[in-house]
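These are the structures in question, set out in turn.
Consider the two complexes below, in which subunit A is the common component and subunit B and subunit C are the respective partners.
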Partner chain A sequence: MDIGYMIEIFPKLISTLPISLLIILTSSILGLMLSIVITALRIKRIKFLSPILEAYISFMRSIPILLLLFLVYYGLPVFFSLLNLNMNDLSAIVSAMITLIIFNGAYLSEILRPAYLAVEKGQHEAADSLGYTSFTKIRKFIIPQMAPVALPGLGNAVIYLIHDTSLVFTIGIVDIMGKANLIMANSYGENKVEVFLTIAIIYWMVCLLSDRFIKLCENHTYLRKIENKRAFNSQSLKLHQKFTKRNIKSNLD
Partner chain B sequence: MFDFKVLLESIIEIATVVPKTLVLAIFILLLSLLMGAIIALIQQYKVPVFSQIIKVLQSFLRGTPNVVLLYLMYYALPGILTFFAGILRIEFDANSLNPIVTVILTFSISYSVFQSEIIRGSILSIEKGQIEAAQSLGFSFWQTFRRVIIPQALVAAFPDILNSLLVIIKALSLAYLISVVDILGQAKMVGALSYRYLEAFVGAALIYWLIGVILTFISNRFELKLRHGFH
Partner chain C sequence: MLAIRDLHLSFNGNEILKGIDLTVNKGDVVTLIGPSGTGKTTLLRCINCLENPSKGEITLSDLQLNYETISKKDILKLRRKTAMVFQQFNLFKNKTVLENVMEAQIIVQGKKKEEAYKKSIEELEKVGLLDKLESYPSELSGGQQQRVSIARALALEPELILFDEPTSSLDPELVGEVLRVIENVARSGVTIVLVTHEMSFAQSISTKIVFMDKGVIVEEGSPQFIFEDSNNERTKAFLNHFKSNQTVGV
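For the complex of A and B:
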C-alpha cells in the first residue's frame, strides 16, 4: 500500500470528473423526461403502442447496460445509413448519452408508474370536481403525492446511473477509468491496486454526495413537512409547558 | 449491412456459453444468499464490531461500481491470498489464481449486501402470530425456524431472489474484462472473428432478452400462485 502514490494520482483522476458529470447530468435529465412521456403513454393504454412499450421495457430490463452501450455505439451508424443519413462520426460521448437516456427512460418509468398508481382515485375526482384543469391538477395534487413514493427509487436510480457511467471507458471515452488505464500504462502496471482503490473512494464520495442531495429533496416533500411540523409543535408544546410550570412555581414562591 | 444469416450463426455460437453463464450466476446467487443470511443475522442481533464493519461495507458497496470492484479484486486478491497463505504457512502460487474465482468472490460479496436486505424483509414480513402459534404448540426454536419461518420467508422472497438472479446474470457481462467468457464475452469473440460486431451483439441481446422474459414469466406465475395460496 502506497498512500503517497494515491494522493499523487488523486488530482489526475479527479480532473476527468467533469466529463462523467456531464454524461450523468444530461442523461438523468433527458432520461427523466423520456420516462415521463413513456409513463404517460403507458397509463393512457393506447391500443397498438402499449405492447411495443412493454416489449421495450422488458428488453431494457433484461439486457446488461454494457451490451446496450456496444449496440448503440456500433448499431446507430448502421441504422442511420439505412435512412441514408451519414452519422459515421457519431462521437462516443453522444452514444454513451443516448444509451443511458434510453436505458433510464425504461428504468425510471418502472419507478414513476407505481408512484402514479399509488395516488388514490378520490384525489383525481376531488381535483376534477373543484374544477382544476388537468395541468394544474397534476402540478398541485398528483406530483406532490407522487414525490414521497418515487423519491427513494429515484435516488437509487441516480446511484445506478453513476455506476453505469463508469462503463463508458469501454467505448474509448477517457473518464476516470480511462484515465486510470492511461496512468497504469505510464507506470508500467505498477501500483494497480492503489489506482483502483483511489477510484473506488472517488465513486464512494460522489455517491454519498448524491445520497445527501436526495435526502434534501425528500425533506421538502409534503409528508416530511407535516412530520417536521408535528415534531416542532410537540417540542414547542413541551417547551411551553416547561415555561408555564416554572412561571407557576415562581408565582407560588 | 445487416446479415440475418450471420445473426443466426452467431446466436447458435453464443448459445453454447449460456449454460456456463447460468451455472456461474446460480452459484454466485447461492453464495451471496448464504453471506446475506449471515449479514442479516449480524444486523438483527447487532453483534458489536461486526455490525459496524458491515455498515461501512454496505455504504462502500453501494457507492462503488461493479467494474471498479472487479478490477480492484482482480489486482488485490493475489496479494491478499498470498498474505493469508503466508500466515497459515500454506504453499500458494498467486499467479495460478483462476479469474473465475475472482468473479465469483467479487459478485458474491457485492450482492450479499442486497440479499441481506431481501432476507431481512422476508423474515420481517412473517406475522408475529405465526411464531406465537408455533410456540404455543410447543415447537422448539429450531423447529419454529425450520417449519414455520423458512417456508413462509422463502415464498415471500422468491420473486426478489429471481430478480436478483437476473441482475447477477447481467452483472456477469463485466467478467469479460478480466477474461472470463460469458454471453457478452462470447459475443465479442464471435464478432471479432467475423468482423461483424453488430450481428453478434444483437444476437447476445436477443439471448439476454429471452432469459429475462423467462425469468419474469416464472416470477409472475409464482406471484399469482402466491396470491391464490398453495392449496
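For the complex of A and C:
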C-alpha cells in the first residue's frame, strides 16, 4: 500500500468532484420537483393518466440504472430524429442528468406518496373547514407533517443517487470514476487498489456531507422540536431535583 | 340565518340524505339527534362543504348557493363564515396550542399578529388553557385538545359553529369539562348546530331539537316537545331505546 501515491492522486481526483456534484445537485433538485408533480398527479387519480404513471414508475423501478443511462444517451437522439429534431449533440452530462431525473422522479414519488397518505384526513378537513386555500394548507400543515416521514427515505435516495453517478463514466464523462480510469490507464494498471481506495474515501466524504444535510433538515421537523422540548424538560427536572437535594443537604449540614 | 333546502347526497349510489330542509335562526342552538348511520355527520359536513351534495340549496346570511353550481370561491366564502369542531379534534399536529388558535386569524382573515394573539389568549383563557400555550397537541389530553379546538373555532368569530359529537371520543371523566365549555359558548349567543348522543345535555342547552332517521328529518321542535310530548313512533322508539341503554349503563 502506497499512501504517498494516494496523497499524490487525491487532488487530481478531487478536481473532478464539481462535475459529480453538479450532476448530483441538479438531478436531486429537479428529480424531487418531478416527483412532487408525479405524486400530486397520482394522488388526484386522474383516469387516463393513472395507468400511464403506474407503468412509468414500474418501468423505472425495474430496469438497471446503467441500462437506463444507455437508453437515454443512445436512444434520445434517435427518438428526436424520428420527430425530425436534431439532437445529435446531446451531451453526455445532460444525458446523465436526464437519466437520473426521470429515475428519481419515479423513485422519490414512491417515498412521497406514502408520506402524504400518512397525514390524517382530519388534518386536511380541519384546514379546509377553517377556510385555508389548498396551497396554504399544503404548505403550512401537510408538508411539515410529511417531512418526518419522508426525510429518512429521501436521505437514502440521495445516497443511492451519489452511488449512481459512479456509472456516468461509461458514457464518457470524466467524473471521479472517469478520472480514476484515466489515472490507472496512465500508470499501466498499477496501484489499482490505491486508486479505488482513494475514490472510496471521496464517496464516503460526499455521503457524510449529504447525511449531515438531511440530519439538519430532520432537526427542523416538528416531531424533533417536540422531542427536544421533552428532553429539555426532563433535564431541567433532573437539575431541579439535584439542586433541591443539595439544598436539603446543606440545610441539614 | 341558515337555511337548507331539499338537500340530497349519495355515496356510491346509496342515497344518504334524502331531501333535508333545515332552518336555523341567529342565536339558535340546534341539536341533531338520531340513530347511528342516519346522516347527521354528513348533513353537518355539507354545511361546511366537506361533502359534495348532489342537489340542494344553502343560504347563510347574505350568501345564497346552489350545491350543483357551487364554485371553489363560494366554498371558501361559506367555510369562512362557519367553523367546525370535530369528533377527533383534528388540531394541527405540527403547531403549538397558541399557533393552532392564532394562525387562521392571520392567514385566512388577514388580522394583524398582535390582534390575533390577543384574541387567541382571550379564547384560550375562556377554555382554561392559558398554561398550555406552547404545548403541542400530542402533549395534551383529549379533553384539552377538544377545548383548544373550540377556542380555535371561536377565535375566528364565525357566524355559525358546527359541533360533530364533540365528546364522543373522550374518556368519560373528560366529557364534563368539554360540555361546560360548549354550554358557555351557547350562552354567549353564538349560533350552534350540534350533533350529540348526550341526550340530557341536548335537552338542556338546545333551543331546537331535530330528530333524523334514515336520511330524513322525522320531526323537529323544542326540547320539551321532542323529549316529552312527541307522539311520533320513531322518535319515541329512539328515545326509549336511549333511556333503557342509559339505565343499563348506569
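As a working rule, the second predicted complex is superposed on the first by the 239 of 253 C-alpha atoms of A that agree within 3 Å, B and C clash if a C-alpha of one lies under 4 Å from a C-alpha of the other, contacts with A are read in each partner's own complex, and residues count from 1 in each chain.
Everything below uses one rule, namely that contacts are C-beta pairs under 8 Å (C-beta built on N, C-alpha and C of every residue); 3 or more make two chains touch, one makes a residue touch a chain.
Quantities reported herein were computed from a predicted structural model and do not represent experimental measurements.
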Side-by-side fit of subunit B and subunit C on subunit A, or clash: fit
Subunit B versus subunit C as contact partner of A:L82, first or second or both or neither: first
Contacts of A:L161 with subunit B and subunit C, given as first, second, both or neither: neither
Partner chain in contact with A:L112 - subunit B first, subunit C second, else both or neither: neither
Computed vertex angle (subunit A) for partners subunit B and subunit C, CA, steps of 10°: 110
Which partner reaches more residues of subunit A (counting touched residues only), subunit B or subunit C: B
Which superposed partner A:I24 touches (first subunit B, second subunit C, both, neither): neither
Which superposed partner A:Q145 touches (first subunit B, second subunit C, both, neither): second
First, second, both or neither for A:F196, with subunit B first and subunit C second: first
After fitting on chain A: smallest Cα gap, subunit B-subunit C, Å: 25
Residue ranges of subunit B touching subunit A (in the complex, touch as defined): 1-2, 59-60, 62-69, 71-72, 75-76, 79, 166, 170-171, 173-174, 177, 184, 187, 197-198, 201-202, 204-205, 208-209, 211-213, 215-216
List of subunit A residues in touch with subunit C within their complex: 120, 122-123, 125-133, 136, 140-141, 144-145, 222, 225-226, 229
Residues of subunit C that touch subunit A when the two form their complex: 48-50, 76, 79-80, 82-84, 86, 88-95, 103-104, 107-108, 136, 138-139, 149, 152, 156
Subunit A residues touching subunit B - in the complex, by the definition given at the top: 58-59, 61-68, 70-71, 74-75, 78, 81-82, 159, 162-164, 166-167, 170, 177, 192-193, 196-197, 199-200, 203-208
